[in-house]
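Reading through the structure tokens given below for one structure.
Letters are used for the chains, namely A, B, C and D, taken in the order the chains are written, and counting of residues starts over at 1 for each.
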Amino acid sequence: MRIVKLKKENLFPFLEVISKEADLWAPVKKYEDKHVFKAVEDFSEIDLDYQRTIIPPRRILLPPKTNMFEATQNTYKEDFSNVSKKIIFGIHACDVNALVIMDRFYNFAYDDPYYTRARENTLILGYSCWPDEHCLCKSTNTHIVTEGYDLFFSKLDTHYLVWIGSSQGDDLIRKQPSLFNEDISDKDIQTYLNWQKEREDAFQAEIDFIDMPDLIELKYNDPLWEELGKACLACGSCTNVCPTCNCYNVYDKPILGKNASKIVRCWDACTLENYSEVAGGENFRENRADRLKLWYTHKLQAYISKYGKPACVGCGRCIVSCPVDINVLTVGKTLSGEKVDAFWKRFNLQVKKEVRK
Amino acid sequence: MENSKLKIGIYELTGCAGDALLILDCEKELIDIFNAADIQSFVMAKSDNIEGDLDIALVEGSVTTEKEIEELKDIRQRSKIVVAIGLCATVGGIQARFLDPKEWNERFKKVYGNIEMTHTKPVQSKPIDAYIDVDFYLPGCPIGKEQFLIFFTRILKGNPPEKSQNPVCVTCKYNENDCLLKKGILCLGPLTEDGCGAICINHNLPCAGCWGPLKTGNRTSEYYLLKEKGFDVEHIKKKMANYSGTKIASFLKELEKEKK
Amino acid sequence: MKGDAKTTVHANPFMPEPARIIRTQMLTKDVKFFQIRLADMEKALAFRYSPGQFIMLSVLGAGEAPFSISSTPSRPGLLEFCIRKAGTVTNALFRFKENDLVGLRGPYGNGFPLEEMLDRDILIVMGGLGAAPLRSVLLYCLDNRDKFRRVILLHGAKNPEEMIFREEFYSLKEREDLECFLTVDSDTTGEWKENIGVVTALFEKCRNINPADTAALVCGPPVMYKFVLKELVKLNIPKDQILMTLERRMKCGVGKCGHCAIDYIYTCLDGPVFTYWDVLHMRELI
Amino acid sequence: MKTISVEHLCRVEGNGGISATIDGKKVTEVKFNIYEGPRLIEQLTIGRTPEEDVSLAPRICAICTLSHKNAVLRAIEKALSVKVPKKTILMRELMHMGEIIESHSLHIFLLALPDYLGYPNAIAMAAKYDLEVKIGLEMKNFGNHIMKTISGRYIHGENPVIGGFGKFPDKKDLLWIKSRAQQFMPFVLKTVSLFCELDYPEIPEDETLYACCDPGNGKFGFWGEKILLSNGESIPADDYKKLTNEFVVSHSYAKHSLYKGKPYSVGALARINNLGERLDGEAGRKFKKYFNEHWKKNPLYHNAAQALEILYCFERIPVLVKKILKDENTPKIIPYSVKEGKGTGLVEAPRGLLIHHYEIKNGLVSNVDIITPTAQNAEDIERYCYIATQKLLDEGQEEKIRDRMDLVVRAFDPCISCSAHSAQVRQGKTDEWKSKLETILTHEEPAFLGIGNFRQGDDAVGIFIGKQLRDAGQKNVWLESSTNEMESFWKSNAGKPVIFLDAIDFQEKPGTVTFLPLLYALNNSSLVHKFSPFVTGPLKYNQLKKSYILGIQPASLKRGKTISPCVKKATREVLETLKSRQKKNRHFKDKE
């Protein structure tokens, strides 16, 4: 690992240099307060002062709908048209950590070529961030990066400190080394440390994830799940915005007038109605409560028991997305016995009241 | 496997004819559509229509006159597969809003007075499955081009597509839209069948529900949520009912009871 | 094993290989038997799998679905399947005739732990379509008869007409090295000469097994598990020697699509063969 | 007596038919049947928020969805005093161009052209006329593309909302539309010459009245604040009812309209007839080249007019895009806070004048009136079919009748879904009958026939008024009471319009007077007692269509009673009205 320094005004020139051979993806403003990752040509569109994108950067690697094959009766032609040289710039620590989880997942047992090829062609240029009230990443220990990035930019007053995390990252720097310098002063170090400390203290949301596997086991039959199930709109948003969700569906899209098809994969969500339905109509998880339990068990129990850390990177997307406030924070807190203020709680109280009437 | 073309009829009952028009709107595929199947009857597009036995009948529009009931039953008898296309055929359309026969009668009188129709008697608008068995449903107001083409191509080969039970929210998120419900806007995305491509939300407008109600949609929860957000109860109900035809009648009745 | 890259017909684990339907035959009124061979003869002969594994069959225009293999790896070249008409893919398969092409990829899943079954008594309990995956292991045992001790087959069906592989099992009864017992809930044909009654009644026939050295293999409809498992426990067979193969919705077969997930288990990677112990500590399995 | 009918009109939008009843050598009746059931859209839209109505009302029709959208927006924005910026209006116009191109090219190439080339449909035509079919499909696709870009989708796009657009289309999409429109030009010119040089049959030919929006400023266009008639009259938007006068007929769920008792036409031909002189550029040149007397009286020239309009749109699109892009700001949706008001929106849908009228109270829509082009054309469709049928019958070409009726109806490009949206019956305002009667009397010289029964309470009122009218010196008044008189009545009044005087129950306060087209009354069995057999016999179709009924709501029809006071009071009113006419009318002068 090496750390170099980049003057702020040198950032765009640097992006200019590196974007010559790859598409540059960066956060841009979509709504007043919401951002998305977009392939940018005009750098002035880039808005680094963002909290979290609506959909995590995994969509750049595996878009919601990907064509897998062009098929005929006896030929299958792989379609890797989504694979191209890409650089994702401005990605926050939580999302970098999520990609580490995704990398592991897609390489596990079998190699998923659609992900891995896209991933191999993508460079990750991380960027430092400041937490808001929904950021949980300190609790998941994903507010800092230790792996999974090629370069990581920490913003100081007039400079960026740039961590070089891989050989490819180093190649990027070498495209125009004159933009960087290596004389990091003591003052710079102090500024960085102060910033680091202030940031650590700025986190507001917190959950103890270590207890989660046991709590979920102990509360397996808790009425909580039914309460969540009653309020859940089963819209699938929590899964679609989650940076570590990976479920997908495959369908055969025949081409009119030809004996040929496109085989398409599209994101699926375990919170949706027919996620666990098999041919013949049997549905293993018809209840919303069961499906929610699966999601939380997967994120907060199974992954922790297997890898010692949750499959949640604390990005806060489920918190800002769920219209009925079912998210890692409210569910996690309720499991730990804390009181929370959430729509699903109020809703259940209301329903109970009306039943009593 | 066999190359003999399937016999297909496309029929319009009462509605805006948008679903039949959408088939004509597949300009680039139109000739392929006519070549891939034997289109026996399609009144909007051709005059040499034959009304005989069919493999597949696509029916759009709601049943609104006695004559249509007869026509529909006749179509059912001659077809192996009947597909309801569009909101009117699947749920009854916006015109199936008056669930109470008394209210419908009053409204009808307001429009037509006491006139006695000579050509055919009117009946309250209903989806086609109120009178016949329906094999497949293609929802939408109007149906979508891609949805139709996938369905059409698959059914020609005898493989109906798998039924999705997703709400609009799924595609809405694919398109990376911000949740309007979360912003306090009355959006029916979670209660509405997916397939339109979340067009309205892509245009910063809330989902009006025009693809018809999602069977498993959690209406109760959204109703309370909207109520909590300060929407007028009557307004919520109307919004939910606008494009739900006869299909959420029991839910609306449930709400009436609660009020009492 | 986990974490090691597994291989399939192609480097791309999602890529099907064209395969030809060699023979089909109706087994019951809604179950059809398919013999399928990879179109490329070399690949067909090189295709390796173990009993209990499954493959994905795809039909152009209809989609893809998982099917357990009914044939035995000891007779390479041909793959056999029993397929029940249930959804889009199976409906399309039923229309297929000999010589038609389908897509095939696999094999997937863990299969039965053959190593652990060696030199043990093998008790196979099957009901209904449960015969499909267990026929593979049964034939494997019979082809490698010297590697196993007693082999007992208990097979139950609703009635003789719905018993799949009825004729084949009849003829197996003549083998002296197999204890084969067939039963039906009721005889609709009037020609049934075997047992009548539920499959658990057949456990009478295997009182004298050596439970500690027995591997019990079970597959059948959900109701059957409940009673059969009880009997097996009564026989004192250790829970981790009771093996069962389970059904789940699967789209990929390689642990990516997530549909078969239970806790941290992917049925397609860690199953479909599970022990009774697995089932007990993972609530959702059955 | 026999009936020739086209059970299901093909290659039109929606579900309808046409039939002609022939008695020997005379056509006695032509009916444009609409099978499309009643949808009660105007009833659905009442009690909803204006936003909901902007989404619901256009669902009347799939082809004209954006015309409806533009009309409802114009009406509601007027009602709520929402002033949208110019850029938004230009964008809406561009969107409208898309609909005109899509609808016209669908109609002329795919629905109408097979008639002239002798094919059952456009696809069958494709083998020999692949270029024509291709142009048609590509052009239609381009129209659809414009609609999708601006409104959100091909049909029922929701992007246009009160005060603007949910999302303003991107610059690069607009530039694409502009360049594509320019590329298309050679094919558009080919289209114009194809349809303007087509050999249109001369049957039927007859003058009619044409109505369309006046875009103002001497320009051609598709919306405005006034209705322009081919006789030079001009009607402001808010007075649209003067033109339309919708009424119900029993063979259709679509209502019919008559202006001053006469049918009129709306649509592309009406626009070209009324505004063609205003066309400039290539469209202007083509107009001068092709326009002639036939266009004024033969509905089949609708197709030629549509081709000219397509050319106008293709010329207009680049201009519009340029204007839109001149202003770099993206207009935001204009909010509003007004909760009450009313407004009328006039828009030229592809097939003619479309009127939306909304009244809003307490933030909810309290009254809606929608008048669609096909409903206005219905009477003229029947009339031209009548003319064509009679002419063919006279010429002994009976076998051609069926196809010709089909051709005539299709030329009007009827939009049946639109027409069957169902309007609300307007109960005549208390003294509306006076002005209606007045108008008829200035244009016609009708016979009056008092009918009723003297011994049956208020039923006597028809005969009663008849007598008094006669006494007052009104010419050509007849009474039903004597059979002899009836025979001579029919003899001397063949072909003339008749005003029937009678007590009719139209569910109003006793003593209320109404003045209705006879067709309406005839088919409305609850309105009239023992009326139908009496009229259907000797009255010819053409005469029937010109006739009216002046009815008074009775209080009691019991035997033996005399006329009730309130009905008597109404009689006096009728007499006074007719008498005041007397002074102006020369027919009365004879007697004076």
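One rule holds in what follows: a contact is a pair of C-beta atoms (placed from the backbone, for glycine too) under 8 Å apart; a residue touches a chain by one contact, two chains touch by 3 or more.
Owing to the predicted nature of the structure, the values given are computational and were not obtained by experimental measurement.
A comparison of C-alpha centroids places B closest to the centre of the full protein.
Centre-to-centre spacing of chain B and chain D amounts to 29 Å, using the average Cα coordinate of each chain. In this assembly, the C-alpha centroid of chain B lies 43 Å from the C-alpha centroid of chain C.
Centre to centre, using the average C-alpha position, chain A and chain C are separated by 39 Å. Distance between chain centres (mean CA atoms), chain A to chain D: 58 Å. Along chain C, residues 59, 61-63, 87-88 each make contact with two or more other chains.
None of the residues of chain D touches two or more other chains.
Contacts with at least two other chains are made by residues 251-252, 254 of chain A.
In summary, the structure contains touching chain pairs A-B, A-C, B-C, B-D.
Residue ranges on chain C touching chain B, taken from their complex, read 59, 61-63, 87-88, 91-92, 95-97, 100. Of all the residues in chain B, the ones that touch chain D in their complex are 12-19, 21-22, 24-25, 27-28, 30-31, 34, 43-49, 61-65, 67-68, 93-95, 97-98, 104, 107-108, 110-120, 122-123, 125, 141-142, 145, 196, 199-200, 202-205, 208, 210, 235, 238-239, 242.
Within the complex formed with chain A, the chain B residues making contact are 29, 32-33, 35-36, 149-150, 152-154, 157, 159, 161-167, 169-170, 173-174, 176-179, 181-182, 189-191, 216-218, 220-222, 224-225, 228, 258. Contact residues of chain A toward chain B in the complex are 30-31, 34, 36, 53-55, 59, 64-65, 230-237, 240-241, 251-257, 266-267, 269, 272-274, 288, 320-324, 343, 346-347, 350-351, 354. Chain D contributes residues 8-15, 33, 35-44, 47-49, 52, 55-56, 59-63, 65, 106, 110-111, 114, 120-124, 126, 133, 137-138, 140-141, 144, 152-159, 161, 165-167, 248, 250-253, 406, 416-417, 420, 422-425, 506-507, 523-527 to its touches with chain B in the complex.
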